[in-house]
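Note that chain A is present in both complexes that follow, paired respectively with chain B and with chain C.
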Partner chain A sequence: MNKPISGFSRRDALKLAGAAGIAGTLAVYPGRRSFASSTKEYTLNVEAGRIAVDGVSSNAILMGGSVPAPTMRWREGEEIVVYATNRLAVPTSIHWHGLLIEGVMDGAPGFNGYVAIQPGETYTYRFKLRQAGTYWYHSHSAMQEQQGMYGAIVIEPSGREPVRADRDYVVVLSDHTQEDPKRVLSNLKADAGYYNYGKRTLIDFFRDANRYGFNTALKDRMEWGDMRMDPTDLADVTGYTFLINGRGPRDNWTALFNPGERIRLRFINASAMSFFDVRIPGLPMTVFSADGQNVQPVRVDEFRFGVGETYDVIVLPRDDKAFTIFAEPVDRSGYARATLAPREGMEAVIPEQRPRTILSMADMGMAHGGMDHSSMTGMDHGSMAGGAMSGGAMGGMDHSKMGGAPMAGMDHGTMGHGGAAAEGGERRPFGWADASTPPGSKALDYADLKASTPNSDGREPNHEIEVRLTGIMERYMWNLNGRPFGKDEPIRVAYGDRVRLKFVNTTMMAHPMHLHGMFVELENGQTDRKPRKHVVVVPPGKTVSALLTANEPGDWPFHCHLIYHMEAGMMTRFIVEPKSA
Partner chain B sequence: MKSIFGRYNPRQKLAFLAGFMPALFLFGPAQSAEPGQLFTFFQADQVEYRANDGQDSLNWDAQGWIGNDDHKAWLKTEGEKPTDGQLEKGEIQLLYSRRISDFFDAQAGVRYDFEPGPERGFGVFALQGLAPYWFEVDASAFVSNEGEVSARFEVEYDLLITQKLILQPTAEVNLAAQSVRERGIGSGINDVELGLRLRYEIERKFAPYIGISWERKIGQTADLARDEGEDIDNLSFVTGIRFSF
Partner chain C sequence: MSKTFPNLFRVSLLAGFTMTAAAGVAFASPGHGLPFGEPAKASQATRTVTITMRDNLYEPESLTVKSGEIVRFVLVNKGELLHEFNIGTAAMHAKHQEEMAMMMEHGMLTPTGMNHDMAKMDHSKMGGMNMGDMKHDDPNSVLVEPGKTAELVWKFTKPAELEFACNIPGHYESGMAGLIKFTK
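== the complex of A and B ==
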């Protein structure tokens, strides 16, 4: 079997379901294959090793012998036992991202009584699968995800699949660096702009001055300078090679199909820091699952997803030709690429990279002269600006200086849109949200997500919890409600409570907020079919809310899934008090 | 002040300081997800050869820190050595640095001057940080073991011509509350130093540069220099390396 292990078709998967010894150190011992409650046992060794990406060798942490770790193919209702052995010199952990699970099995050290796996020790995970869908697993210790500790989880439903597919591929996106993540964080602490090679230069200034007039360009620079904010801060870390299933753009991971087949692609954003814009030129995608939870099918040409999110799509290539799966990080500092092909060795054109956007004043939560905040519906923009302004990071700003109009012109021009938004009267995103989606193409929007089944808890929330996403970019300090993890005040709710989580992003970066142990229902304008998510992306300067039924007792990690933000302290404890007797 | 600093020799003072610095970390818990996480940084902003009006010299200006978001131990050092001759200027500061706002740290500690003689120890209070419009500023006040009060104000800016070609204007002003004749210092503004350095960042942490530096002594300080037969101004062409780790 020299095909990548995550790339086999569903038929292959079924054939292999009972096979042992995937990728060396992963041993699969199928238990009784009875229908309802079979048990599957796995041994997962965590060890230091080396991987080759595009022919370049580098250090990595291998889980189950490979990067990504072996894809777990399970079935709803099964009991899973994983013996995880730490063969590193430092503590480790394995977290099952998105699984409804008993707290101590969730795998986040310091939470729910779970303790990190010490060197040489083995921890036995044991849990019963209460859900179906696409999830993933990764380390929850010391930025080990950045070093390769991540893998996909595929859980077949006990009933029918929501869609029929002839082939089923996992597409795990990640960002790989040669640098030690501790070094990366240290560099960021010393100079937050250390990795930003897209800053605005004197040359940019003269170009803008030429286009919009000297005064407009200068005023724009002065406004940003006054706040000591950098509109080019889209990604904190660069120097990444972007991977699909562990393969670099030149390795070109390839998935095979026969023309006319229905192909299910399970996209998982397992990166440390990267938001990706994903598309398959010439092949529209039908999204039917988000974060493992089924949604009503939406046909899109592209989607953006944050760290930790997953989308399942169906594609129907009819022609006997290859297609490129293309994923660009928002800062366009590279791309991940793979190929869908009828035969090995075929390739399609690699599209040109799209322009890099530039943040706008709206990304700071500023009112923006009649422009629209299109990607988020159902929000109160007025209160949002207020909320953002109260954040510590922006103390001492003068609202009156934040004139919207000249900035709007600048933003679009810089990105080469020539004011299309104004002319067409079309609502198109700008600033962070602008993916340079060509006119006529459809990009997935959170508002498009509609759960395939009605939400089970129709109660109105009995209280609202405001979570301010805060930080000081210049110092690379990131936290929640102005307090870093360790100095934070845990969030407490009672078992059975129905609460609204209101995320108020006071920073200029997007944060994929992840709650362990429970799904939230995103308030995206849907009424009784709000999509269920385990990661909610909160764009810069925006407010996003979600409802939650607190039905999983425990003290759950609640954090930004950008790994260096989490490590810097952007995490808190979400405590669901057990039912009192 | 004299009673505190005067009775110790310089070596004893430094030893005392070295013992004192770790105690700074007892203030407050660490800020990060992993308790006790410390970060370190060292940057030699200027290590350069100066072709002066008179004798050429080697100059340095560097700083570094160890600590967390809120508390740091901070080291600053600068000096000048003529290419053939003894060290002419040399100072080192050891400071405790505390975050007081989003962009500024307050710093307190000591400074020790090796040269120009006679040796001096100073108490230091400083504000260092990022001012609006991206100006890096450092304002320091000094009180010597002889009770002399002085101040220094430094500002620098990075103007990106391209992502890697960066023009850095700098300005420094020194002031004193009284004259210290044996050190060639008059009261009032002592001197002004303006610099312009163009660096190319081969790596973020390694950038060779060229530039000019112009220095002028002012007022009483200039008079003292004239009396000594020294020039009161100096234009240098500099070439050096900026590096960090």
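== the complex of A and C ==
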């Protein structure tokens, strides 16, 4: 483990927390004996420290003495008390991501009457657990999660677990930078392409020209120029080291098993900025929970998840050998790696990294020319909602009518989209959604998620709220409906309202949209078993919708979970007005 | 079937079920049996075991039998999904899971039941599994739709490393499998 400088191991920190908890119960709440038996108390100190990743030491913010912070193991129905003490020189906060919780306990400064914890102060969180599953907790202040303020929450159900597992491991993915996040943000603001080391070059241009025809390649370039974005901008920050449970690829975090056992892996994307493609070569995964909510089991070979999302999977390794848990960010700028093994010290092959995709104009919602995106990525032009683009000249186009009609600038003879692979060259991934999943392998799709229990509210929405995801990449301006947080108009709904949230992504990046306080039901084609999510990934140029029953009064943060996007203003206030008396 | 699926599908289906047939041949012994046991008549049973199926687990989760014992299994599906009760080795289950996944993919099975419209398929090519009317021609297996009850009578002829399992995609992995222990 990344031993914190204080000399306390994670176990010690937990022990201390436990001891403090008992004392606290007796001293602080003597009158609440009836709760005492089901109350768990913790002390979480937030302090500056150092961690070592692959042998390299760097600054970090430790919560409970380690990165990640100690895993909270709770049980549905328990009352939890956490004393969070700020030992930093700046304000901090702890947010319980995915928990159904009273607003002031949610831990987002500036919302629900919650105020950031000032240096030297202690805030007492107290809440009762109304759910089970895998969640996480992290800072909601000043990009501190980027510096290590995140940890897992595991809540055992009051009834039966949805699966029977012999082993249960938390797998927390994150992205680590030695740089100060404030520095990263200012670099991005000065030049949004600052970290885009993979910018397309003149050589790329000639390669494209060879492959797709000069005009197509040129036209593609010109359009990207018009959009003031860059087609390789899959992630705007790179130079990260990718961690699993705080360990770098060389540290190789290892989970043990005996062949034949069922192993539950709780994947949490606790990164600041990274979408990951996750796989365990040789071991199919059965996904049975998404964002802590049970879904009907679906067997996959890989899945992609966005910042803030969680997936619980079960794997059944039958052989006495090691397996690599491999997670590549979509920009392929590195990888996180861990090992499942029957014994310590065993390793499996680390797979070759897959190629980095090139964003297509379809990712901008305008697949009107250039290369034939449809045959390369399986994108559905009919549902692309071209009308949603802000100010785009193509806004009024009806893509569904485009059928096989020849499009301007298209040169079928030279496109060779099917030929790229046939020629023996490596197939070139194209478009955000293209994870280079090999033929015959199954990647999880949102459409596969089907809640294990029927949705409780069958009402049709009484109103629809359109949320446009907007931004000007070049100036690193990210916002909602064209207005940054602070200059925005909050969303207001009445308690009990049934609402449809329609996310219209007008940008070229995918945004993991997170609503605090309530789950949304993703409209993914399921009828009465829509999966319940706390983060909804909206791919570039796409429209995604979700339903919501506004049954948690409060003013909740509603934001893109990419931390620098949120910091740049991609956030608003989602107000559920209380029931009038 | 042939109306809706291109030939390619049909080929892969047949290829898939050839495996079953081969497995059947390998294990087959006279009288429809397997090396560790065979189906029997309810009247011969000396013991009745009721197993409740839920989403996605069995109650009870394990079982003890004696060599030579004939057990009448009463399978009550109290879940909302289709479940299977299949007696076999872990390897047999693993193989059967691939077939089940294919049936699911091709719409012969749905998460909650059987596609009865597909009953007109040529079952003789399917390795003995009659998917249409849920007769378990595969003698060691029975499918039970939600809310339904089914029976399977089995003679455990000799000790083997057996599990009872549901091979519907994802269910076995989730833990819907139980050990069958032998006592003397």
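One rule holds in what follows: the second predicted complex is superposed on the first by the 482 of 581 C-alpha atoms of A that agree within 3 Å, B and C clash if a C-alpha of one lies under 4 Å from a C-alpha of the other, contacts with A are read in each partner's own complex, and residues count from 1 in each chain.
Here is the rule we use: contacts are C-beta pairs under 8 Å (C-beta built on N, C-alpha and C of every residue); 3 or more make two chains touch, one makes a residue touch a chain.
The model shown is predicted, which means the values in this text are computed figures rather than measured ones.
Novice: Putting chain B and chain C on the same copy of chain A, do they fit or clash?
Specialist: fit
Novice: In the overlaid three-chain picture, which partner chain does A:Asp191 touch, first (chain B) or second (chain C), both, or neither?
Specialist: After superposing on A, A:Asp191 lies in contact with chain B but is clear of chain C.
Novice: How many degrees apart are chain B and chain C as seen from chain A, counting from C-alpha centres and rounding to the nearest 10?
Specialist: Rounded to the nearest ten degrees, it is 150.
Novice: On the A-aligned overlay, A:Leu480 touches which partner chain: chain B = first, chain C = second, or both, or neither?
Specialist: neither
Novice: Per the contact definition in the header, classify A:Leu359: touching chain B only (first), chain C only (second), both, or neither.
Specialist: Neither chain B nor chain C is touched by A:Leu359.
Novice: For A:Ser452, using the defined touch cut-off, is the partner it touches chain B, chain C, both, or neither? Pick first, second, both or neither.
Specialist: Only chain C is touched by A:Ser452; chain B is not.
Novice: Specify the partner with more touching residues on chain A, choosing between chain B and chain C.
Specialist: B
Novice: Applying the document's definition of touch, where does A:Leu283 land relative to chain B and chain C: first, second, both, or neither?
Specialist: Touch partners of A:Leu283: none, neither chain B nor chain C.
Novice: Between chain B and chain C, whom does A:Ala142 touch in the aligned arrangement: first, second, both, or neither?
Specialist: It touches chain B, and chain C stays clear.
Novice: Report the closest approach of chain B and chain C over their C-alpha atoms in the superposed model, as a whole number of Å.
Specialist: Chain B and chain C, overlaid via chain A, are at closest 43 Å apart by C-alpha.
Novice: So in the complex, the part of chain C that touches chain A is made up of which residues?
Specialist: 55-57, 61, 81, 90, 94, 101, 111, 169-171, 173-175
Novice: Please give the residue numbers of chain B that touch chain A in the complex, ascending.
Specialist: Its residues touching chain A are 29-35, 39-41, 43, 69, 99, 101-103, 130, 132-134, 159-164, 204, 244.
Novice: How about chain A: which of its residues touch chain C in the complex?
Specialist: Result: residues 160, 162-165, 260, 262, 286, 288, 296-299, 314-316, 318, 450, 452 of chain A touch chain C.
Novice: Taking the touch rule as given, give the residues of chain A at its contact with chain B in the complex, in rising order.
Specialist: Residues 142, 185-187, 189-191, 194, 197-203, 222, 225-228, 392-393, 395, 472, 474-475, 477, 484-487, 566-569, 571 of chain A touch chain B in their complex.
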